[in-house]
Structure formats: C-alpha cells, structure tokens
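I've put the structures underneath this note.
In what follows, subunit A forms one complex with subunit B and a second complex with subunit C.
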Partner chain A sequence: MIMQELKKLENKSVFIIREAKLNFKNIAALWSMGKDSTTMLSLARKAFKGKVPFPVIHIDNGIDFPETYEFREELTKKWNLDTIVLKSKIKSEMSGFACCGENKTVALKKFMNDNGIDGLIVSIRRDEHGIRAKERYVSPRNEKFEWNYKDQPAELWNNYSSKLDKKGHVRIHPLLDWNEIDIWNYVKAEKVPMNPLYFSRNGYRYRSLGCTHCTVALKSEAKNIDDIIKELETTSAEERSGRQQDKEKEYVMEKLRALGYM
Partner chain B sequence: MVLGFGGSDKRIKEIAEQLWKEPEEEHWKEFSSELGKSKIKYYKVVFGDKLSSEKGLKDSWAELYNDKYENVTKVPIFMNKGKQVEGATYYLKGLQVNNK
Partner chain C sequence: MIVKNVTLLGHKDHGKSTLIGQMLIQTKTVTQDRINEAKKISENLGRPFEPGFILDSFSEERENAMTIDTTRAELTYKGLAFEFIDVPGHEELIKNMISGASYAEFAVLLVSAAPEEGIRDQTKRHLFLARMLGIKKLIVAVNKMDMIKYDQEAFNGITADLSSFIRNIGFDEGNATFVPISAYSGDNILEKSANMQWYTGRTLLDALYDSAESAESNVNPSLRVLVQGKSFDSENGIMGKVLCGEVKVGTRVVALPESRNYTVKEIVSQGEQVQSAHAGDNVDLEFDGKVDEEVRGSVVADETGAPSPSDEIIGKLFVTKRFNGNTLIKANGNEMRCKINIEQVIDPTTGNAIKDSKPEELQAAIANIKLEKKAVFEKSEKVPELGRFLVYSDNEFAGIGIVE
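And then the complex of A and B:
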C-alpha cells in the first residue's frame, strides 16, 4: 500500500521534472543538501537515466553545518552533479536574520539574471508551512521575483501553465504533494544518500536543516530511517519547530516568500 | 609540525590563536589541513539570540572538542576575504556537531 502511494507520487514528480526540462529553455534546481531537495535530485536522476541534466544551486551563507558541506561534496562526486555554489553575504546591518531570507534571494536573482534561468525547481512541500500550502506545481514569479499568491493559474486535470511574466521566471515544485513520512519512506525504498544530521546521536537529531545559527536539534532517539518514520507517526511537533525563522510571526514567512524566498 | 602525543592539538591551538588575530582565508586553509591530523572530533557553534548583523557573526565562535568531549580550543567562524566578511564553517568539515 505504501509502495503504491509512493509510486504514484514518484510518477507525478518525474512527470513534472521532465515537463519542466522540456518546456523551459534553461532550468536549474535549488539544493540545500536537506532530505527534500536530495530526494528531488534522486527523482531527477530517475527521470533522466541516472544523470541530473541541469545545474543544482547551493546558496551558501558560509555558516552551514560542516556535515552539510561534506555531504555536498560527497554527493556531487558520487552523482556527478553540476553543483554551483552561490555565496550570499551576511549583511552588516539588518533587522531580522542577516544570514537568510532576502540575502539569499539577492544571490539567486543575480545568478538567474546573469544565466537566463527561466525555470527553477524548488523542493518545497505543502505540509511544511501554511504559506507553502498556497503554492502551485508551476508558479510564476515576476521580474522582481515577487509572487502574487492571490493570482495564480489554475492547475486543472494536470495542466500546468508555463507562461512567463515579462522577464520573470517560473518556480517548479515537483514535491508539493509529498509529506515528511513519504519522503523518508522513499529515501528508505530508493536508498537515497542522506545528510547524517538527520540521525540521532547522543539523544538529539535535526528534523529540518538550515544553517548553524537558525537550526536547533530536537530530542530524539531515531538513529535510522525506520526509527524516524516511527517517530513521525506519533509526534505532534511541527517539522520546522527547530527553525528559528518559523518562530517569527506567521506573516514573516509569507512576506519572505512573496519577495522570492524559497 | 610538532611530533609526539598531543602534538597536532598543540598546532591547532596555535592556529586558532592566529585565527582570532587574523581570520584570513590562508590561515583557515592551514587550520583545515591540521584538523584532520588532530584528535578534534566535535564542534559546537555558540552565538547570541539570532544573527541579525555582520557583528553577530563576528561575535560567534565554534568550540572544538576531542573524542572524549573535552574542550580543546575555540575558533571564530568568519574570515576576511578582501573587504568582505564571510562565514567560515566550511573549514570545520570533517567534524561532527556536539550533541552532548
């Protein structure tokens, strides 16, 4: 039963990734070395016979976990990825988080404009956050990277709009229907390599990964994928409860996403 | 390179002191190469409430521990790159976060 459901999700995601590659001139994907974007890369490899046929972008603020950097280098080599590291600046003065949000968007904007990227694959899921639940599979952004969530194209009968706003780009979200347990079931079934920070050591693990300053480890004894799935089936804690930016007021995330944040 | 028991850790402490004075990329590269030879296994990033400015980054550091979870030294987590200040946790690669 689980495998049937996973197969359905996989088929739809592979279809969306293939359609994106076919319909846009120049696509790229964001890769944070977390479970979702790594699963997306595994799906892309499946969609294109073992090779991810587009560049993968890591927006690096310089204070990610050392384990995350190590994982990036290992998987880049193992899967022969075209990994592009974009350095985002820590702002000298800022209210809010100087390492995240708008700063990361600035580095991404520059890269996309310089390289004519018209489609960007982002591995968000609807169940992660209220504002992400408002997303479409194929979601237009204007020239300024802004997202008007009140005016989005309908996606009826699996028809997706690839129309571009003038000089804008389109975000493609192939994992929108997946939930956290689906991801872990898939990681287990497909033996997707995973960042070691997700697994418990000395009674703590990370459930959602950001940088060293905004991510807090949660108490957990889940040392392997089976343990993680069991834990998720019974937990009432939110997935991003260890992420500082989500502890800000709800509308902050909404505002950040409207301005182009992931 | 200082030979003998704890030799590499002594060198790491020397470079760590150097990093506090001059957090330049070349010192970070030297630190990274010495890290693999040392007994340091774990790190813990220490910071204020949230990273709201470049100053916040400069006021943060990483504590380094050996395999017995004994504190060996601490290093800043930024580097000067020209006129820019950048995060430098990349150079702690090979260590594991201290969950103790």
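And then the complex of A and C:
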C-alpha cells in the first residue's frame, strides 16, 4: 500500500525534475545535505539514468555540523555530483531572520546572476509550513528574488510557468506533494544515504537540519529509519519545532520567502 | 495507500477554509501547536477562534479573513487518505481556484444556508468549472445550518434548486450527495449531529469515504507517451511519460505530429531497464532510428489506432480574462499561436447559450481554434491529458479549454 503511494509521488517528482531540465536553459539545485534535498538528488538520478545533470549548491556559512560537511564530501564522490560550495559570511550577532534571510540569499543571488541560472530546484514540502503549502511547483521570482505571492501564475494540467521577466528566475519544487513520513518511507525503500545527525545519539536527534546556531536537537530514541517512522506516526510536535527562525514572529516565514529565502 | 484529492468549491465566505480546519481538528490530524497558533492569531485579530486560519497562512488572508491562494492539507479517515485542496472563493481569484481544483478527483461544494447567502453565481460557476476540470463525484455541503436553527425545509430547498442545475450542466445526479452541516460548530462532519435528527443520510466524511470507495477509474488501453524532450545520450532516444496504455520492447509506434514510425528497442523506466512500462511511468525510449530535433510536446502512440494530428480543434472555453486577437494556447510543452473563432457564448451560471458574440470574463464558450501548426489533441473524455489546454492573450493567462 505504501509503495503504491510512494511510486505515485516518485513519478510526479521525476516528471517535474525532467520538465525543469528540459524547459529551462541553465538550472541548479540547492543541497543542504538534509533529508529532503538528498531525496531530491536521488530522484534526479532516477530521472536521468543515474547522473545528476545540473550543479548542486551548498550555501555554507561555515557553521554547519561537522557530520554535514563529511556527508557532503562522501555523497559528492559516490554520486559524482557537481557540488558547488558558496561561502556566506556570518556575523556572530546575527540570528534567525537576518542570518537566513540576508546572509544566505546574498551569496545565492551573486552566484545565480554570475552564472545565468534561470531555474533553481528547491526541495520544500507543503506539510512543513503553511506558507510553503501555498507554493506552485514552478514559481517565478523577479530580479530582486522577490516572490509575488499575491499574483501567482496559473498552474494546471502539466503546464508549468515558463514565461520569465527578463532577469528573474523560477523556483522549482518537485517535492511539494511529499510529507515528512513519505520522505522517510522512501529513504528506507530506496536506501537513500542519510546524514547521521537524524539518528539518535545520547537520547537526542535532529528532525530538521539547519546550521549549528539555530537548530536544536529533540529528545528522541529513534536510532534508525524504522524508529523514526514509528516516532512520526505518534508525535504531536511540528517538524520544524527545533528551528529558531520560524518562531521569531508569526509571519517571519512569509517575509523570508517573499525576500527570496528557500 | 493512494491519496484521494478533494477540492473545496463555493462562494467566498461560505466556509471552505473553516470546513477543512474543522475536519483537521476533529480527525486529530493537526498538531496542537498549529491549533494554538490559529487561536492566538484569532485572538490578536479580536475575533472568535477561526479554524480556517490553520490553512490561511498569509498575513493578508488572516487579517481580511479570505483565502487568496490555493493550499492543501491531508488527513486519513477510516484508512483512506484524503488531500483537501482549499481554493479562494472570490471571483477575481478564479485563476488560483482553477489551479488548485485541477488536481482533484472529488469535490465538496459549500453552499451557505444562512439568511441572505444561499446559492450564488459563484457557487454555480465553480460547479461548471468542476465539470470542465473532469471532477465526477460531488458532495454538496449545505453549511451554516446552525445559523438557521437547523431548518430542514431550507436544506430541502437548496437541494432541489441545485439538483436541477447539476443535471443541466451534465453531472450525473447520482454522483452528487447533499449533507447539511455546520463547519463552524462541527455538525455532521465526523459525527452525526444531534441537532438534525431529521437527517438520516451520511456524515460529510462518510459521504466522502463512500464516493472514494465507489469511484471507478477509467483505464484507456491505447498507448500514448507524452514526449518531454530528446535523450541526452542518444540520437535515437526520447524522454517522456506514459499517459495511458502500455509500451513494450519490440512494439511498433508512431511519433506525432511528425509521423515517424519506429520500433521500440529499449525502455528505461526511472533508472531501470525494463521490458514494458505503464500509465504514470516516466520513461526513456530508445528507437531504431533518429528522432527529430524538435520533439518536445510530441506524442508516441501505437501504430494502429493513433490519433490524427490537426491544426484545428473544437473546444469548450472558460474565460478568465477577455481576450483579443493575440492569443496562444499552451498544452503539454507546446506553445502555439492560434486564432479563436467563437461559435457560441455560454453563461456558466445557467449552462445555457446566450446571444453575445464574444465571451466576457467569467463566461464560457464553444470555439473553433485554428493553430499555427499541427498538434496532437484528443477528446478530453478519451485521453484527458491530450484534451485540455491553457489560453493566453497578450502573454497573460486568459482561460482554460477542453476538447469536446
């Protein structure tokens, strides 16, 4: 039963990833080494006979976990990825909005402008956040990276946005339909390599990964994928409850996304 | 478990977001965190708790208590997974409503029974669009029963009025179920309401469950593969998606509209070499001959029973923006200039033809469309994916169409 639904999700994501590659001139993907963007890379390998045909970008503010850097090097080698590391600056007094918004976005903007990237794959899911649930599969951003969420394009019947204002780009969201638990069921079924931080050590694990400054580990005994799936079936806490940026103000996610945050 | 997509439909303020919010709370799907957040925001805005705020997440949506853009929320009921698609009810946001509702197989139409509300033009317009979008099963939730003292006669009146319209636009009446509810106070959603002893039918969620259980899927045996582009690693290969039927190694096929015949030499489906692939699968097909440079939007079909490409189609349109001469249609990776000749304008709030010569915004029409080049279209009831298109005028979205 689970497999049937996963197959349907996989089919749709592969279709969207192929549309992205075939409909735009120069695409790239964001890779945080988290579960969602790593699953997306696994899907991209399925879409293109085992080879990811676009660069994958890690926006590195220098304060990610050591495990995350190791995982990046390992998988880059194993899957022969064209991994591009963008260094972003961090000031110690920054947190949440300023850090995620300003820092990361500035480095990304520069890279995309310098390289003429017209499509960026971002592995967000609807169930993560009410604002992300409002996204289209293919969503235009203007030259300033802004999201005009009050006037999104029509999107239906396999017709995704292709019309660009000259200097803008599109965000492509192939995982929009997936739930957190779908990701883990898929990781299990497809043996997708995972960042070890998701698994419990000394009674704690990370459920959603950001950098060391704004991510908090949650109490958990889930030491493997089966444990995680069981935990998710019974938890009543939000996935991003360990992420600082969502909590600062009610509409901080809306503001971040409107400004170009992933 | 295959998720059933259910769109909400209906006039603004008739309770679409509130109903989804209430269903999420009653089925204990949504976390206490999110309920508390919605409570806090309701309080900050100085109003009673609004379950709809669980979905309406934009600040403008909450401050104005209106849905601006489509969103989704999933719940499981009696072992079936439903994904509810919330859509805006405002007329000026119909583009967003169409985008959301297009993903649904089932619909829940909200009609408010409150005084001064009732069946509105937008209620009927949404039904007309639901029919065009291919939705076959419909639950009509007659809402706000708590505001009219759970009056049976009012419910019967709305049921009778709407039934005749539903028949008129071609819905099979047997596929529409009417349920009296209160989305706000929760009557007849998960549990039978003690306030409406006169109602002996199913609760809303049970009615949905029955619809989903009894829905049969039409399986079209003809092979159609939508071509997304040329292979990266072969002159003889394409990337595409099987829309219907089955493709096997050794099958003779034809690529249209270019009319090139091939034998299928090799099939890769999502990274694995296979002997056959089926509806829904993404495939790499390797043929015994070169494929054209421009193959995006082409269709691969069985040699026997292949559709005939044409530069002319007859379509039913729903217009979201009045269009001028500079029109193009988009379908399956194709973008084609076209000339749209209106044969008949239809009022979607009655389903009847009217005398106008050009459709205005929010009207429908039957049109003869001349395309700049040949393309593959089929009747939407036969191969839905090949029977529908988007209309643009001066590069702006202007409506949708289906081939009849």
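Just so it is clear, the second predicted complex is superposed on the first by the 253 of 262 C-alpha atoms of A that agree within 3 Å, B and C clash if a C-alpha of one lies under 4 Å from a C-alpha of the other, contacts with A are read in each partner's own complex, and residues count from 1 in each chain.
Assume a contact is a pair of C-beta atoms (placed from the backbone, for glycine too) under 8 Å apart; a residue touches a chain by one contact, two chains touch by 3 or more.
A quick note: this is a predicted structure, and the numbers were derived from the prediction, not measured.
In the superposed model, A:G130 makes contact with subunit C only, not with subunit B. In the superposition on chain A, A:Y204 makes contact with subunit B only, while subunit C stays out of contact range. In the superposition on chain A, the chain among subunit B and subunit C reaching more residues of subunit A is C. Legend: residue contacts after superposition of the two complexes on their common chain; A:E5 is shown touching subunit C, with no touch to subunit B. In the overlay built on the shared chain, the residue A:K167 is in contact with neither subunit B nor subunit C. Annotation: subunit A has no residue touching subunit B in one complex and subunit C in the other. Contacts from subunit B toward subunit A in the complex involve residues 43, 45, 47, 50-57, 60, 77-78, 84-90, 92-97, 99-100.
Residue ranges on subunit C touching subunit A, taken from their complex, read 1-3, 31-34, 37, 41, 54-60, 68-74, 81, 95-96, 98-99, 102-103, 226, 228-229, 232-233, 239, 241, 268, 270-271, 280-282, 284, 296, 320, 330-333, 335, 385, 388-390, 395, 397, 400.
Chain contact summary for the complex, subunit A toward subunit C: residues 1-2, 4-5, 7-8, 10-11, 14-15, 18-19, 22-23, 45-50, 53, 126-127, 129-131, 133-134, 136, 149-150, 152-159, 162-163, 179, 236-238, 241, 250-251, 254.
Across the complex, subunit A meets subunit B through its residues 60-67, 69-70, 73, 87, 89-99, 196-197, 201-204, 211-214, 217, 244.
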